[in-house]
Amino acid sequence: MAQAELALIVGAGSGLSGSLARLCAAQGMRVALAARNTDKLKGFSGASLHRCDATDPAQVASLLESVEVPDLVVYNPSYRARGPLLSLDPEEVRKTLEVTAYGGFLVAQAAAKRMLERGRGSLFFTGASASIKGYAESAPFAMGKFALRGLAQSVARELGPKNIHVAHFIIDGGISREGDNDNRLHPDAIAQTYLDVYRQHRSAWAFEVDLRPWVERF
Amino acid sequence: MAQAELALIVGAGSGLSGSLARLCAAQGMRVALAARNTDKLKGFSGASLHRCDATDPAQVASLLESVEVPDLVVYNPSYRARGPLLSLDPEEVRKTLEVTAYGGFLVAQAAAKRMLERGRGSLFFTGASASIKGYAESAPFAMGKFALRGLAQSVARELGPKNIHVAHFIIDGGISREGDNDNRLHPDAIAQTYLDVYRQHRSAWAFEVDLRPWVERF
Amino acid sequence: MAQAELALIVGAGSGLSGSLARLCAAQGMRVALAARNTDKLKGFSGASLHRCDATDPAQVASLLESVEVPDLVVYNPSYRARGPLLSLDPEEVRKTLEVTAYGGFLVAQAAAKRMLERGRGSLFFTGASASIKGYAESAPFAMGKFALRGLAQSVARELGPKNIHVAHFIIDGGISREGDNDNRLHPDAIAQTYLDVYRQHRSAWAFEVDLRPWVERF
Amino acid sequence: MAQAELALIVGAGSGLSGSLARLCAAQGMRVALAARNTDKLKGFSGASLHRCDATDPAQVASLLESVEVPDLVVYNPSYRARGPLLSLDPEEVRKTLEVTAYGGFLVAQAAAKRMLERGRGSLFFTGASASIKGYAESAPFAMGKFALRGLAQSVARELGPKNIHVAHFIIDGGISREGDNDNRLHPDAIAQTYLDVYRQHRSAWAFEVDLRPWVERF
């Protein structure tokens, strides 16, 4: 009997990871959640929980060896130092780059290793408005999100022809789970688009999708 | 009893329009197909057929008045003069601009008029690799597809906050319906993504999606 | 004795064309100015004046045959219909496309014909913020300026290796000649950058330069 | 008597830094060169030489305190790990990010501190084709160069209105100093464009300029 598909979602705690986990589970997929702080992962009874600092090569390698070959890996973590240029703490800037971009590389590399063995897989990266526009007083986040997009493009070009679907999502606006407010991105709505892209036939794969609320200025 | 949704697809004859018509019909939508040459539309027994030159303001106005308010309008027409710059016939270049971009404006304006009356709707434009890259010896097509993208962006910014979902699709590669070949974009696969985007909740609308076959170099 | 270089500036009347004419003349170049309305060209005593509707293939062909082979051709004309989508007059939209983009094609083609005979030349196009962003309630201008950029890219890729330098300038902000105000783009400052790019060695040609005042938000 | 302007060029050893140093000196500017390995800086008799690891906050702070307020700072360093994704050493990827992007942040911050005290300055960053396109098998370099561009955009938006000219150059192609070959970017030609941009009036500042040889495919 065929195993259920496995989704590995890295960087829990945000609304998006939770929505993705629930949607994947509702679709009959198995779900693994990984985060530095697994306390944030409580309450996902249907998912396996994994403690992992995505900026640590050994922990990421270990994470990807501890699960079966994932069909879908989503990289969500980000960290953001912001403020006027002169006020920024260099260590916080380094951390922003490491969590937002370098961890994406580590996860991509470790996930690709497993997926290439099997000859298929999907690898998704979560970006932001800052992925394509460097806003004033937000240099570190722009650096991290631009870098993640560069990574995604490069990996898409390398791995697409090897049957691994790499996609990058530009989430343009604030995420909110409040029921009555559709002026902000609802994480369930974002998750639905990730799933749609995951289900795409390989004759017409999306690389990049930008998502924003209907009222968002852009 | 609620009326079925209405999809109006402008520019039939390509594989994409046919696939969209079939998919919309299979989803229980009513379908209207419009093209300059209605001979190309034969065989879509489930759709109403409309003769319309999309570059003629009166014909486009007439088309949009002759149907009920569409829930979804898709603009597909394009025309392409190509060759070395010195070999291009200025009249062919003008036609490329008119079919590829100016007709898109006319349809957008006439469709928006109906949709704004009702307070909702979706308006999709079909682009190409040439929407974002001007290839050598293909200036007219780049002009038309760049222009269509500029139109789509502008209209998205104006009409999004009025509850009209404007989206632009970059089809990056050749389209083919041949069953065994997933090295080219299958029009059914493209159509599925259009439908997914049409079904998006307005808290997380996509503006732009690029689609290409897994093997495509980009 | 070597002839002075010839600059042909199409679309006079704006501050930029005047500044370019004066700067080129000050550099010892000969200057030809072409515009639909030659009344606007009065006062350039050092330049030859040419009446030309840039959207008319015959007039453009005639213009380029009436002058010696230009070393530099600059295409400046634009026209702008704007307002809410529903308020736009289709004929004004067509005119926006023709003046802003189609005329650029005609001039590029006619200029390239002369330049290719001699094996060198520079062909510059003037864009705007709207070349890369479609603003709300400004669809026609976005269509025209996006199209002009697509043209410039395509022609740069075709003609660069034939020793013709094609460049596109994104003028991001309002132009003003008022002496004390450097919050808006001074046309003399823009012209200086055009000249710098014209003087570039072909081992390092710029294709695109964006210019804006120091205070401009972007 | 007015002091000569001071140019601080970070990241020597490449052809570009040397050409910039010579051109600035020829223009009567004072030149300071900083690099991790000062052996590479020998032979620039007219410049002050500074040993500095641009990825070390303390060394960068020290460098900027050891010189007078620079009028122009250019950040050139880059490092490149490349190869198939699975073959990349995570430490090499980290180093690529640090040298190519994080060092740019450190230099920008330390230079801005000095320039803001005086109320003017120019801060230039050297990018590459990989700044806007993530090539296959070159993920780390894309990450670094994308990040540097995000930094430059953010800092330009913050510091432009404070009279600091921030510019980013996309060097698209290989650099070569060989005299007879203009099929590759000559560093003197690149340096000339940097100087032209440095000399721009603030009513029309360039943020981004792409440079490539006339024969380059792009």
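Letters A, B, C and D mark the chains as written, and numbering starts fresh at 1 in each.
Everything that follows uses one rule, which is that a residue touches a chain if its C-beta (ideal position, glycine included) is under 8 Å from a C-beta of that chain, and two chains touch if they have at least 3 such contacts.
Computed from a prediction, not measured in an experiment: that's the story for all the values here.
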| item | value |
| --- | --- |
| Shared chain contacts [chain C and chain D, defined touch] | none |
| Given chain B and chain C, the chains that contact each of them | none |
| Proportion of interface numbers common to chain A and chain D (over half same, under half different) | same |
| Centroid spacing, where centroids are CA-atom means, of chain A and chain C in whole angstrom | 44 |
| Centroid spacing, where centroids are CA-atom means, of chain A and chain B in whole angstrom | 31 |
| Where chain C touches two or more other chains, by residue | 157 |
| Chain-chain contacts as defined at top | A-B, A-D, B-C, C-D |
| Of all residues in chain D, those that touch chain C in their complex | 157, 160-161, 163, 165, 182-186, 188-190, 192-193, 196, 200-218 |
| Residues of chain A that touch chain D when the two form their complex | 57, 84-86, 88, 90, 93-94, 97, 101-102, 105-106, 108-109, 112-113, 116, 130, 133-140, 142-159 |
